[in-house]
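Common to both upcoming complexes is chain A, partnered first by chain B, then by chain C.
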Partner chain A sequence: MHQSILVYRSYRYLKWAALLTLASVVAYALHNPHFPPNGGTWLGYTLGTIGALMILWLMWFGVRKRRYNEGKVKLEDWLSAHVYLGISLIIVATLHTGFQFHWNLHTLAFGLMVVVIVSGMFGVFAYLRYPQLMTANRRGQTLRQLMMTIAEVDTECREIAVKLGDTVNRLVLDSTENTRIGGSIWRQLSGKDPDCATERALSKVRTEVRADASASVKDESRLIVLLGRKSELLKRARRDVQLKALMDIWLYAHVPLSFALLAALTAHVISVFFYL
Partner chain B sequence: MSFRTLQKAKACVAGGRDQWPGDEFVAEHFKIAIVGSGPAGMSAGGHAAELGVSHVLLEQTTHLSDTIFKYQKGKFVMATPDVLPLRSTMTFKAGTREEILGNWDRQTEGAKVNVRYKAEVAAITGSKGAFELKLKSGDIITAEAVVMAIGLQGNLRKMGVPGEDWERVQYQLNDPAEYSDETIVVVGAGDAAIENAVALARQNKVIILNRGGEFARAKQGNLALIASSIEKGVLDCMFNTSPKAVEPGVFVLKTPDGEARVPVDRIIARLGAVPPRAFVESCGIVFPSSDPGALPQVSGTYESNVPGLYIIGALGGYPLIKQAMNQGFEVVEFILGNDIEPADEPLLRKVFDKLGSVKVSDVLTTIQQNVPILSGLTTLQLREFMIDSIIHTPTAGGVVFERNDFTDSFYSIVQGSVDIRVNADDPKQIVRLQKGEFFGEMGLISGRRRTATVIAGQGCVLIETPRRSMIKLINSVAAVKREMDRTAMVRQIQTYMAPGVPKADLAGVVEGATLETFGPGAVLFEEGAPGDCVHLIRSGSVTISRRIGGRDIVTAYVPAGNYVGEMALVRDAPRSATVRAAVETETLRLDGQAFKDLLASNAGLRQAVEAKLEDRMAQNVVMEDKPEAGSLIQFLIDQGVGEATDVLLIDESLCVRCDNCEKACAETHGGISRLDREAGPTYASIHVPTSCRHCEHPHCMQDCPADAIHRSPNGEVFIDDKCIGCGNCERNCPYHVIHMSYKAPKKPGLLQWLLFGTGPGPGEDKSEHEHHGAKTAVKCDMCKGIEGGASCVRACPTGAAIRVRPEEFFTLVSQRN
Partner chain C sequence: MDALVSFLTRRARGGVTRRDTQVSGDPMRFGRGTDCEVFLPDPRVANAHAEITLRAGGPHIEALGDAELRVNGNRTRASSLKPGDVVGLGPYDITLVQPEGAVALAITVELARPLGDVLASLEARSRLNLNSTFLSRRGFSWAGFVAIAVLFLVLPIIAFYATPNTAGIEASRDQASIGGLFHAANASWSAGEISGPHKFFGATCTACHQSAFVRVEDKTCTSCHAGIQHHADPVNFKVAELDSQRCVGCHQEHMGNTPATIKSEAYCADCHADLKATTPNTTLANAGPFGKSHPQFRPTIPVDEAGRLERVSLSDTPAPVYQSNLKFPHDKHLRKEGIRVPGGPMKKLECASCHKPDQGGVGMLPVAFDGECAECHQTRFDPASPEASVPHGSVTRVLDSLKGFYAAKGLAGGVPDPDAPAAARRVPGTPLPGVEVEARQTIIAWAAKKAEKASHIVFSKQGCAACHSVKEQEKPAVDAAGNLLVANTTGGNWQIMKVNAVQSFMPKAVFNHASHTNMSCVSCHAAETSASNTDLLMPKVESCTTCHGPEKASDKVPSTCVSCHGFHQPGLPPMRPEAAAAHAAAQATLRLDPAQQAQPAATVQ
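And now, the complex of A and B:
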């Protein structure tokens, strides 16, 4: 039945990762080089090689994910392993360095790796947390259906507004024509529109009504109800976009930084062979 | 026909007149009258003309071949089956609708076929040698023989009010964009009426007329569409209103407030079609059963039970153009008394290949002698049956099928014997079936896995018949159904309830058993009622529910191959729960007393029943504490899971909406995704996307003229490349998972996209591009033939997408809450 990547196959890949970490730690503890431990000892080379291969393998995930015809192994296996082995990489790589961090290219590679891993951890958090919120927020509708409902409310608002004089009419028109959902990355992530035409229309129409007791109160209060409903729907639509953005955004750090990591790592390996 | 009448006939055809000049009182007489000018009728007319036989081809519309005329513009028409040779005066090969119709028009004229348009036949009376055909116009035509070739499309239902033949009353709408700035009244409350009304309303003032107070017959999406259109004032609706009369430019209506006169430019009535059956029966032709799929029985020469009255084409159960044309040709020969070798002879010879060089007719005779269930078939039926079938000559000891296979074909034993391994744990426990017996009917009836393994005996010859042909046969030959049900009953009781109990001990139960059918939602029995029977579910599935705190709580789901109702009998108590059919369900109702007697005389069975009962009670206790789990079962059943054999369920609390499942589907299926991840309802975080359920009895298969839909041994329902793109399956699937699609264009490879960004990337290419060839039906095939199984599930990174089989629903549901 349904199983999240963390508990997948009774934590099989957690066990693998734990084993790898344990082996590295034990080896590191038993290892007794002439110099302080570092990447240049035989264990250093071993751990470094393991780490580098793991990075290549972790990056290969991006390709494997899109090779749909490939093999029997489910992508969930890959991701579950990616997550746990990716985390264990911190230990493996750190033991490789022998805690020799200086301001140099090598540490840059290490730093990039840590950032990629931390972004990955956020990803896992996002993947486990936001889907539920998204479902709850949608209340059984798709985003498209939500948009259609908004469009319907818009039409009705306009029909009423036509009867209600210029000011109101202009406000409503502004609200229907300048409805923004999403937009720039920041707007998506914030889940809000600081300059929401509908909010503006709603508050102004409210004041109008209070000021003018004579006019067709029935239409105006209906308009207020409708604008209120639209504002509610907009909040939900923006929240939806926000949640989707939160689930996607970290990948924009995770993937490009892993390429940067790959470059730095290549430089690191080349440099150590040249300057040793 | 006299020379004079012939001259008149020609004059009439040439002048296009409906009436005889001068003497209306003389009925015209022909040797052959052909009703309906579809491929079947037209081909018959062509051959009659070619032979110079006096004939008339009566067509109710103003053109040939109305069914094909009504295909969508530019539709690519296919000429399947390829192996079947065409035998007709007219030509036919795959091409567009326009090419084919144009061709036929020219050839019909060239061959001087005596066609009479606007000649709807309203009644046929008389007998061989002297039939009388009454046309709707009142004209009478007499003929020695009549060929019925009216197809299956039926007649569009008319409004039945005075003045309805005003030229602007229409019963069809091809292109709503053709009309603008008109006042149009659309009559009807079904899907077609709603879709037309809304489409027309874009450019016209539209009123939709509904005889009732609501739109109950339409599908969900259209209900929402019409409700919002009315609310928004896009169109007007008049409820509880019916047509009274039509005057040019005015529609007179009967409303709840009295008569109303509405000025109109056009009236479009979408009232559905009347199936042709009533008309056919009124001509004296009998149908073997009341089933809507039943076909009139015809002889080897296409003659019906009324001598001299012949039936060909789709009406006779031959749903393809080529078959229809061949029959048109042959029927004329038969009427003239010529015995010709049927065109399907080469096909049959191919089927019988395995038997060495034998004469087709000899094999057919042997089959009919050896297999009682097939003995009641006419030669024509048997030929058709055999063409669809496969002959097997397995070596002794070979496996015919395995327990748990999902195949649904039917086997008859022509020679030798087979051994059925009825006990999974003990291969020695066998039942031997002899020549003349049949097997495989259990899977056919239940739509579920095979319940036993079958091993071939010495010198065994078997006929394997696909489900579709078997169902066609069951619907058209009552004796076949009776015989099959009778035999199946004993086997079902033995397999589903009393394995190992000797047949003799079951006599009492079998004696009082009856076959019952329940529609979706129908109650088998009610909580609190006295328990007087046990139901053995032979197809479909049921839910068990109890009333707790005034609410019905579903506590279990029971699929076919199980029994319900034993609790009350064993415990001697009233019914402890209500049992409802989840989908169309068939049960064997076993008499309560007989069941008790059986238990009393059979300790082993009693123990097994008791044990099952204990299990069920325990499960009830668990489920009663979790009303949400019950609601989830109900929700899943409402989504068709009750008839599914395998369904994709997405856990929305895990789904990150990456659509990798959809992309995987497209990538592994020629660039077209068969899955719409987002569409479809959600309950308690379980989302049922729009994707095939691989139904036990697939609705989509029902009506596929090309026989392109099949079920493979693993259970997946798939469409092969015989599809002719008619769209029947798309309409028949209640879950809207089939769509008609062009082939997708080729894309550059993955690495090219990853590295250089060429092409649209993985997934379905939804951009505009040119199409080639014909649209065909596409649906999920559960990645049949792809290693590792369903791509959608394999490609889901988070484990949100899983596929579930009915036996697993309970685990799924009880794990979630």
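And now, the complex of A and C:
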């Protein structure tokens, strides 16, 4: 049975993460360094080492997920632990800083880490929320099937339009030749096409038909029904693209910023020991 | 007009099928409309797209409405045609051929550009996922990684090796030698704000960080702080922790614009909480957080007339006696109704009437007789000469002044005293009688007697002894070599005990009066009720702990050990003797400089 990664194994990894967080907080509270709390005290070094190792381990997930069936530990375990330990890293790393934030590399590394984790949190939300919406939106069809249906409607529209007046025919031709699904990043994410040829055709054909009393009413009303159906199908297809894009977009922040973080972390660790 | 229209269709495996139809009409119309002679069922063709008429010069084609035509590839509205011409009409190519038989016109019609697969073209136009946009996880990852590695790792390391390696103040002069980008790169590695006193060279990392991967060394600190004193006398108190301690162990930089000094009371308590256990020969009491386990204050005061100093606890019973050798009842001087001033009204004194803060406001200036006491305490000695007074000074000065006063009077003449020699009683302005030398000696002998007599008034309780401890000894006080300690030519042998003034009652701590000016003096010093100057008017520790608490106090002024005590003790030898020696040598070289500079000047001449 499918189980959400959040409740996976009865919150095993949530418990681990909570334990790590609690231990860090208690240690920080009891810690009474001679200087203001900072990354250079024994607790600072300890939390920093834990944090750095966690970042490496969390990033290893990108490698592990490509080898789906390898390893003794299941990928679901990895993902569940990745999510919970990733979130607990915010606490561990913040305590490591001793709340000393400045305009420097060290805070840059911290900031990148926070952005990566927050983008990951959106990812968790996306993976829990959007698949359901996608299933509901597709009504049992794949996107390709939706597009095939749209193509069929297009062909039918054309067959009818070819018998009709030039203006209507041209509008239908425009609708079949220029309608597109998705497109730029923003079109995909918004799920809308403000310049949709089909919508344009639909509204203009309606006006044309009203103006032209002599029209063969049967063909034209059939055309309007078909264009309406196409518009409906397009909305679903675009919504599907939108949900997919929303499910993917965070990874374009999560993954590259993780690598930027890896560089910043490396520089941070080297700088700390370089200028000991 | 009759025409032969041949519809050509190309087959997938090559070859052409041909369907001939004969049509008639004049003009002959081409279009999507079913009423056209040549019916072209494609949405890209207009209902009535074009027509061909037969003219004298041959067939002529003309576009209808706003339709478009291409004749032999050239866009046109109308054109005459000859066999071999190809007319592009929407997706169709219409080719004129030589008519055979009865027909006037023969054409072939081929759908040259059929409508593509609707699905394929829709898919071609659509971008269905973010991967097909410019977004690239791999590309962005590389870009981010490389950019950050270059800006924040490579550049700062280059900056380190590009900066001249000079320590401390010298380094601030070398800052200009590296470029702005490197400066920014350097700054990005800074762990936090530099403390105020170090800011002026703080932008140059190498000023302190002389070698990579090496902790800041003591010699870097002592390049400026050469003579910094030890914490405990290194001869009598051999403390391993102190010898092994590094400067940066207590002085951590990059902690903001506060002194880079350890402030934690726990750090001091590491040793001082149980100092007696680790250092049995110490005279210090064990001490912990202020307000919790800080011992009673133990001022250093003179405990006998000779001024031997001793640390006494304010908790001692009986109360410690402050042997100042001075009689000064604070209560009488601070009476509410004031004190009598010779020849004037009652004067109300305050603490500040005598105790004036020093220029920094930290301590108090010494109270001096001439400044604070003389207005009331006059040093007159002869009721017959009320204008005359002796200076406030040594016994010798006082006695010499008395003798001088009477000798001058005698030599001037007119002394009304019947016991005075005739020479002194003569009419003023007349010559000395008899042999002048003898007359003078008589006057001087008389003056010495008068002075001796007056000294009993001066050194009495009406005079010096009102405040000072004055002794009259039978034998003159002499030192080991037999020299007179007090010049005594009159027979009197007065000794005024030296005032045991104390400049700092608690020399191991600093109390800043300036930061306590909003409090009244008597809230700490019980002067109003003190009848004797042997009272020690120092406040007890409880007086301070009313307001001050330990480092983490939430309801009192948080105060740590270093709020009052310094770590490096003035008067002790340097903590890093080798640095002090090097510094002294450098100073000596500096003093030699003018001589060294003179030589090249000579060569020039």
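Simple rule for what comes next: the second predicted complex is superposed on the first by the 274 of 276 C-alpha atoms of A that agree within 3 Å, B and C clash if a C-alpha of one lies under 4 Å from a C-alpha of the other, contacts with A are read in each partner's own complex, and residues count from 1 in each chain.
We take it that a residue touches a chain if its C-beta (ideal position, glycine included) is under 8 Å from a C-beta of that chain, and two chains touch if they have at least 3 such contacts.
Since we're looking at a predicted model, the values are computed, not measured.
Peer 1: Given the touch rule stated above, what does A:G183 touch, chain B (first), chain C (second), both, or neither?
Peer 2: A:G183 contacts chain C only, not chain B.
Peer 1: Give one of first, second, both or neither to describe whether A:L79 is in contact with chain B, with chain C, with both, or with none.
Peer 2: Only chain B; A:L79 stays clear of chain C.
Peer 1: Given the touch rule stated above, what does A:K244 touch, chain B (first), chain C (second), both, or neither?
Peer 2: both
Peer 1: Answer with first, second, both or neither: which of chain B and chain C does A:V162 touch in the superposed model?
Peer 2: second
Peer 1: So, does A:P131 touch the first partner chain B, the second partner chain C, both, or neither?
Peer 2: In the superposition, A:P131 touches chain B alone.
Peer 1: Please indicate which partner A:A260 is in contact with in the superposed arrangement: first for chain B, second for chain C, both, or neither.
Peer 2: Touch partner of A:A260: chain C, not chain B.
Peer 1: Decide which partner touches more residues of chain A, taking chain B and chain C as the two options.
Peer 2: C
Peer 1: A:A29 contacts which: chain B (first), chain C (second), both, neither?
Peer 2: neither
Peer 1: With the touch criterion stated at the top, can you tell me which chain A residues are shared between the chain B interface and the chain C interface?
Peer 2: In chain A, positions 143, 152, 155, 244 sit in both the chain B and chain C interfaces.
Peer 1: Which of the residues in chain B come into contact with chain A in the complex?
Peer 2: It comes out as residues 228, 232, 649, 651-657, 660, 663-664, 667-668, 678-679, 681-682, 685, 687, 750-751, 754, 762, 786-789, 791, 793-800, 802, 804, 808, 811-812, 815.
Peer 1: Of all residues in chain C, which touch chain A in the complex?
Peer 2: 32, 34, 41-44, 46-47, 65, 115, 117-119, 121-123, 125-135, 137, 140-149, 152-153, 156-157, 160, 187-193, 205, 209, 212-216, 252, 255-256, 262-264, 266-267
Peer 1: Inside the complex, what are the residues of chain A that reach chain C?
Peer 2: 32-36, 38-40, 100, 102, 104-106, 108, 143, 147-148, 150-152, 154-155, 158, 161-163, 165-166, 169, 172-173, 176-185, 188, 241, 244-245, 248-249, 251-252, 255-260, 262-264, 266-267, 270-276
Peer 1: In the complex formed with chain B, which residues of chain A make contact?
Peer 2: Those residues of chain A that touch chain B are 1-5, 8, 62-63, 65-69, 71-76, 78-79, 126-128, 130-132, 134-135, 140, 142-144, 152, 155-156, 244, 247.
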